[in-house]
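So, here come the structures, one by one.
What follows is a pair of complexes built around chain A, which joins chain B in one and chain C in the other.
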Partner chain A sequence: MSAPSELLNVQIDGIWHQFQKGTRVIEACAQAGKFVPHYCYHPKLSSPGNCRMCLIEIGMPKLGPDRKPETGTDGKPLINWIPRPQISCAQDISEGMGIRTESPMVKECRNGVMEFLLINHPLDCPICDQAGECQLQEYSVEFGTAGSRFLEEKVKKPKRVEIGPRVTLDDERCILCSRCIRFMKEVAHDDVLGFVSRGSHTYLTAHPDRLLDSNYSLNTVDICPVGALTSSDFRFKMRVWFLKETKSICTSCATGCNTIIGTRQNQVFRQTPRENDAVNSAWMCDYGRLNYHYVNSTDRLQTPQIREGQELVNTTWNSALVKAGEELKQFSKDGIAVVASAKMTNEELWLTKNLTELVGTSHCDIIPRSGAADDILMSADRNPNTLGAQLIGLTGEKPGLRLKDIAEGVRSGTIKAVLALGEDLTQIGLQADELKKLASLIVLDILPTETTRSATVLLPSSAFCEKRGSMINIKGRLQRLHRATQPPGAARDDWEIVRDLIQKLTGSNGIYLIEDVFKQMTDSIPDMNGLSLSRIGDKGVQLVEETEEAPAAI
Partner chain B sequence: MKMEMPAELQSRIDKVITEYPVSKRSAALPLLHLVQEHFGYIEDEAISWIAAKLELEPINVLELVTFYPMFRREPAGKHHIRVCRTLSCAMAGGYELLDTFCKHANISRQENGHGAHLLKSQDGKYSIEFVECLASCGFGPVCMINDDFYESVAQDEVPQLLGKYQ
Partner chain C sequence: MASTTRTAHPREKRVIFKNIDRPGWTNDIGCYLQDGGYEDLKKAIAMNPQDIVTEVKTSALRGRGGAGFLCGVKWGFIKPGGSKPVYLICNADESEPGTFKDRYIIHQDPHQLLEGMIISCFAVNARLAYIYIRGEFPEGAKILERALAEAREHGFLGKNILGSGFDLEIYVFRGAGAYICGEETGLIESMEGKRPYPRIKPPYFPAVLGLYLCPTIVNNVETLCNVKYIVRMGGAEYAKVGTRVLCVSGDVQRPCYCEFEVGGITMGELIYDICGGLKPGRTLKAVIPGGSSAKVMSAKDRYKIKTKQPDGTIRENEMGLEDVPIDFETLAAAGSMAGSGGVIVMDDTRDMVWALNNINEFYAHESCGQCTPCREGSLWMKKITARMLHGGGVPEDSDTLKRVADNIAGRTICAFGEACAWPTQSFLDKFPEEFVATAKRMGNGNGSTNH
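After this line comes the complex of A and B, so read on.
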């Protein structure tokens, strides 16, 4: 940050406040608890000042004949009010400025602007996806009038435009705030949207040869204050007021964008970004946002199973865990391999590490996952918790280095038992017939794979939205996941399954709550000393120094 | 590419761009005028061409072309007629003048609002549009045919006027 900033005195609705120099008028009002309605203004984007919704009254200090501010009986400067309204989104505060956010003129302005905005807006709220989170609806109730004096025909504009593969546009609902245009230009660096035509005929579009197909396109849906841009994935699926919102993080890459998972009746309907300036600003990529459909899959593993001959048969948790324990006890040390996943939480990985130490094997690793990084949010590391796996010690400096030995050990027969947690072993080159030869293959997973089909014990576990826990992102920030839905059928939390496996080998270990796991983990890892799950908070804590691969700041 | 940019036009364009040293983007309007002057209208390919020339996205140029009514996206007739419809001309008979031109030039008078197609005679000889003030409010109704300006145009003068433009 810069040098200690100067504080300026500003009067808002008769009360004097102090704000840092450089604060926007609209932000100063918000800090003083005076909400100023706005559409085009967005704190993360430039301010074009085109919607006129944030009109307020502004005044400057009254100067005497000596060019010095005159003071009133209270010792505070007198204010010369500008006789016409001003927009509050495009100017900074200045010393002695006066602001009125509740005066009759301001109220009249808001009412007038609402009336203009609604002139060509269709009255289709009952079938509009934005209803319930629509600022036009909300401000209309708060600042508008119920009726309209407009008798003329509304302008017809394009509707149901597939402006990109994931976004549907209704131009009649658009109020021309231009947030989406500025987002695509300033944040997504893909200046694909624009306004064509003029006056009340103006409408939003992409160039006919281009599509809104950026990997960040769905952020335009989030910032659209009305129902003009809607998510083709979420549209018409669920009324937003029915959604239960759970704070979590995205697990599709190592950036760990903060999210809100919207669910109803144990089903995930959407993920939206949650603001965190230390991680993702207010955005997330489309890939991560839409990478949740598999959790709603009807193929989800729901019942523990054990192998009887060629068949996997359903069984109870206890008998599956007893069998897994017995199998593991048959082999010693390096006859056992553990393939874990950097999609697991720290708590799960820490318990898995304990298990590997208990059986005494050095054959343990995670399967690395990578893809192309962009300069915005997406990390080349597509595993959300590589740093966690490294810190806990389930993998080394280079994740995946021990996988070759494990695969060879399985082929040569030196490794007789494998514990696979959330990963399909065909990814490390093992074929189904090779997996079937294993004396013991204990698998935790959520969806069927070659590995689950070859298991001797199959333990159905939980998806990212079904568990509590923590992960460390690529910048070394420790963040929390929360449970938004329950796992299907008899499937259980991964950490509980691993804990029970440990118990089958050692007897009770006195861990009943995830908080206990976290406590034991933080006690054993110096970087985490003194932390608790609740202390991580909604925005995470910086745990280790930022690494070089971190995505560019936004 | 079907659109041919002659060398002479190219060099004029390159010169105009140098007149805006701060931002190439500012040359967008002059370039559109040059292109329309040369081709008679601005085709879609020209929009992309100008955008590439100025290192813009095509949408940035499309915004301008659709905003300003003086830019055409389809060819005009051999002779293009502009009739003023701003207040004093409207009161002096601008609307009737357009109708009379249409009648004598065989132009079918359909809808001609914002964004609608240019009104054109079947043989392509004449096209016509309403424009805003041509700066001769004391002598309405006024019109322009190509680059020629006519004041106080009486309805019965129309056939003779059209006759000049064959």
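After this line comes the complex of A and C, so read on.
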């Protein structure tokens, strides 16, 4: 094995650079600021070299009679240029290599490939979902020609193929780059896609009696450089150039895949993975990606409510919070229980922890959530922030261990007041009639449940895409969520609601901004000392050692 | 298949084709053994394998599949003592239009091939070998299976061949009918159960990374047969007297296969002496000398060919197409190639747009579709020539055809790019006026077409 620091000299467009040994030619060019257009090449997949868009000129050092490189007047090696263009995606740089990315031959090659890719393409950009983020469009602008010499009929291929439950295929738009095939084989471990037929009549399909139904199928839509594979969920919903993009993380399991939330006019239209090699490479699962529709639901809780007899009636935030404060003050320490959620941010959990300490109860926990893990990204822990809840101390080594006692206490009447944050208490075995018996049931949530219907005070809060804050994934990585949309109606950010509850019990607590919460939290949790929200950055920071449960690296 | 036997022309020198159409000859091992068969294997197996490789290098034997690569150099890429097994594959996917030599060897003289193969395997230390035979040769596959069984019975295959300690098995692998499987890396992919997409280069040779990622030698049927004679006569002698099988088709009186010393016959001699000349009243227009992908040569052109004189000096001769000797260097110098030995003769009645369209149809149909220029370009060229023939030509067609071909050649994963571009480039280069005339004569000017 070569030393990691081994640097090789490579000439790119006349200028000598140094690159790490093992660097792909196309990557070296990118590092030198010379972008080489490409379709089939994807840094996370194998290189088939089939699109021919990345053709460049390559040369090797000219060897003298002594088999040693000859040098020019500048002391640099002379280069023997290979007469035929070479692809830059499938080979590594070597010492003394010469590369030309802007020569007339290279330009001619790019023009030629662009023309070939377009002659049988339907050119249906006006109705294509990929328009606006299509590499065929982008490279046409840069490397294409305005006119077409093609006078023939185009090749006809299958259109609107439901190749899987979540993906729609248009074979006429496909440029046969094989990214999707390679992704399914190499990353999703479900070798379900392939080409059939031959030549220009080649088309993509799923194998007989199979569907593209993997939980990772929508990644093929992301990496499809054209509009061949489109998301059946997103298709025809919104032109991509109208989407506001917000960096965030997926909250559907403990992996915490980095995402971009695409929104317009306060509505979420899609989530796509954001590359982070420490977490999710460039992928995310379909389950997490599509698990956002509930935030757009018309059932969203929008107004604070208080119970008046059998009825929950709308009220103002202030009167709801005053009532909640009064109810909490009525009961002694262990007469109160706090059931929080590991879907909450660290900031919310931290304030909730403060609240439990303030009322002096030891009855607090989160509700664990689990499912089948896979060996790709999905974690068995379906809560996104279990580690955060543990670090902050709202739950113990075994999350949910105290829930049985809480449920018992409610039934036996020793617990008279429950604060439920983002969780439905029927999940811990409590029935609606049992919940109704509680003297006080203060509930923060976003959608109606048995628990919200039984509440004495109902405080409408925010979904994952409506809040700022941080979470710790299963590998111990602290990551940020960002607000992509505003919560509906009068619903508020959870951290503000909990802060205001504390204030109703104590008067002012000096917290005005989420940064203040974060500072208090980091000051008192040693693992977080010295951090700030801005310092976490877009790709997170590693807080604690990776646990054994972490999914296999991709 | 040959329903009537034909005798060799007295000018021929039959070595590889010695037994083809030979009276009384059968393709069973008894007949082969009576004729001195497997004696060269006995000689080879007593030799040092590396010495056989050296002899093949000395012989300058060139591959007979089309590319004409030096066989000994190819074998030399196998490094003795490697940790991975070495495979040898006989490429019997003979598919180049105009080429029909390997099928006769397989049908009429299969043991000659097996003997050459066994010697070659011994030379490169391959213990497992395959004959990749095209799907359209079911009869050939049966004959080979029987020949392999016979060879096994006689101890020429299997464990401890002829007491040498060398073990070898050969299997027949039938293709499913695709021209691209003749490309050696496509062939290997096909054997691995995948679509026969040729592999990207580098690595340039399967000898570096071949079947199941092991070093692999892929040689054409005729090439492997030649190895037997190199062992018999020595590389140096072979270099002087080695032969080449030619397949002549097209506008001659007697299309045929024949065998001559490499460079031992001119194009004119082949057409007029061996094949009975052109049909009455016709004149020679063009020849495609090495299978349909070789560049067409015009009878109107003069070719400047450098030849080595007996005294060792090089002299440049200017000659007509009929005087061009058929060998690797001369045809390359004349701007075409010896290719697979398929000589296609065209007389003055041939419409060159029609001829090119015929070739274009083949390559558009056989393009594997893996890489963009060939996939899209081959069909485009076919559509243009078809449109021209059907009355839809436009003045720009010649220019478009040429530029499409230029955008394919040299930019593809495998040599199919050249194979499908060279016909268009050369037909346009040699017969430009016919394309202009066709566009004018038949064109309605708007280029529209419904086929």
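Convention: the second predicted complex is superposed on the first by the 550 of 554 C-alpha atoms of A that agree within 3 Å, B and C clash if a C-alpha of one lies under 4 Å from a C-alpha of the other, contacts with A are read in each partner's own complex, and residues count from 1 in each chain.
Everything that follows uses one rule, which is that a residue touches a chain if its C-beta (ideal position, glycine included) is under 8 Å from a C-beta of that chain, and two chains touch if they have at least 3 such contacts.
The model shown is predicted, which means the values in this text are computed figures rather than measured ones.
**Student:** So, A:Cys109: does it touch chain B (first), chain C (second), both, or neither?
**Tutor:** second
**Student:** On the A-aligned overlay, A:Phe195 touches which partner chain: chain B = first, chain C = second, or both, or neither?
**Tutor:** both
**Student:** Is A:Gln91 in contact with chain B, with chain C, with both, or with neither (first, second, both, neither)?
**Tutor:** Touch partner of A:Gln91: chain C, not chain B.
**Student:** Return first, second, both or neither, reflecting whether A:Leu151 touches chain B, chain C, both chains, or no partner chain.
**Tutor:** Touch status of A:Leu151: second partner only.
**Student:** Is A:Leu176 contacted by the first partner chain B, the second partner chain C, both or neither?
**Tutor:** In the superposition, A:Leu176 contacts chain C only.
**Student:** With both complexes overlaid on chain A, does A:Ile163 touch chain B (first), chain C (second), both or neither?
**Tutor:** It touches nothing on chain B or chain C.
**Student:** Chain A residues in contact: does chain B have more, or chain C?
**Tutor:** Answer, by number of touched residues of chain A: C.
**Student:** After the superposition on A, what does A:Cys285 contact: first (chain B), second (chain C), both or neither?
**Tutor:** The answer is neither, since A:Cys285 touches no partner chain.
**Student:** Could you tell me which stretches of chain A are touched by chain B in one complex and by chain C in the other?
**Tutor:** In the superposed arrangement, which is not itself an observed complex, chain A uses residues 194-195, 197-199, 201 for both chain B and chain C.
**Student:** Given the complex with chain A, which residues does chain B contribute to the contact?
**Tutor:** Where chain B meets chain A, its residues are 44, 48, 56-60, 62-63, 66-69, 114-115.
**Student:** Flag every residue of chain C that touches chain A in the complex, lowest number first.
**Tutor:** 178, 195, 197, 200, 202, 364-373, 375-380, 383-384, 387, 392, 394, 396, 400, 403, 406-407, 410-413, 447-450
**Student:** If you look only at chain A, which of its residues touch chain B in the complex?
**Tutor:** 191-199, 201, 205-210
**Student:** Mind listing the chain A positions that touch chain C in their complex?
**Tutor:** 47-53, 55, 84-85, 87, 90-91, 108-109, 112-113, 115-117, 119-120, 149-153, 155, 175-176, 194-195, 197-202
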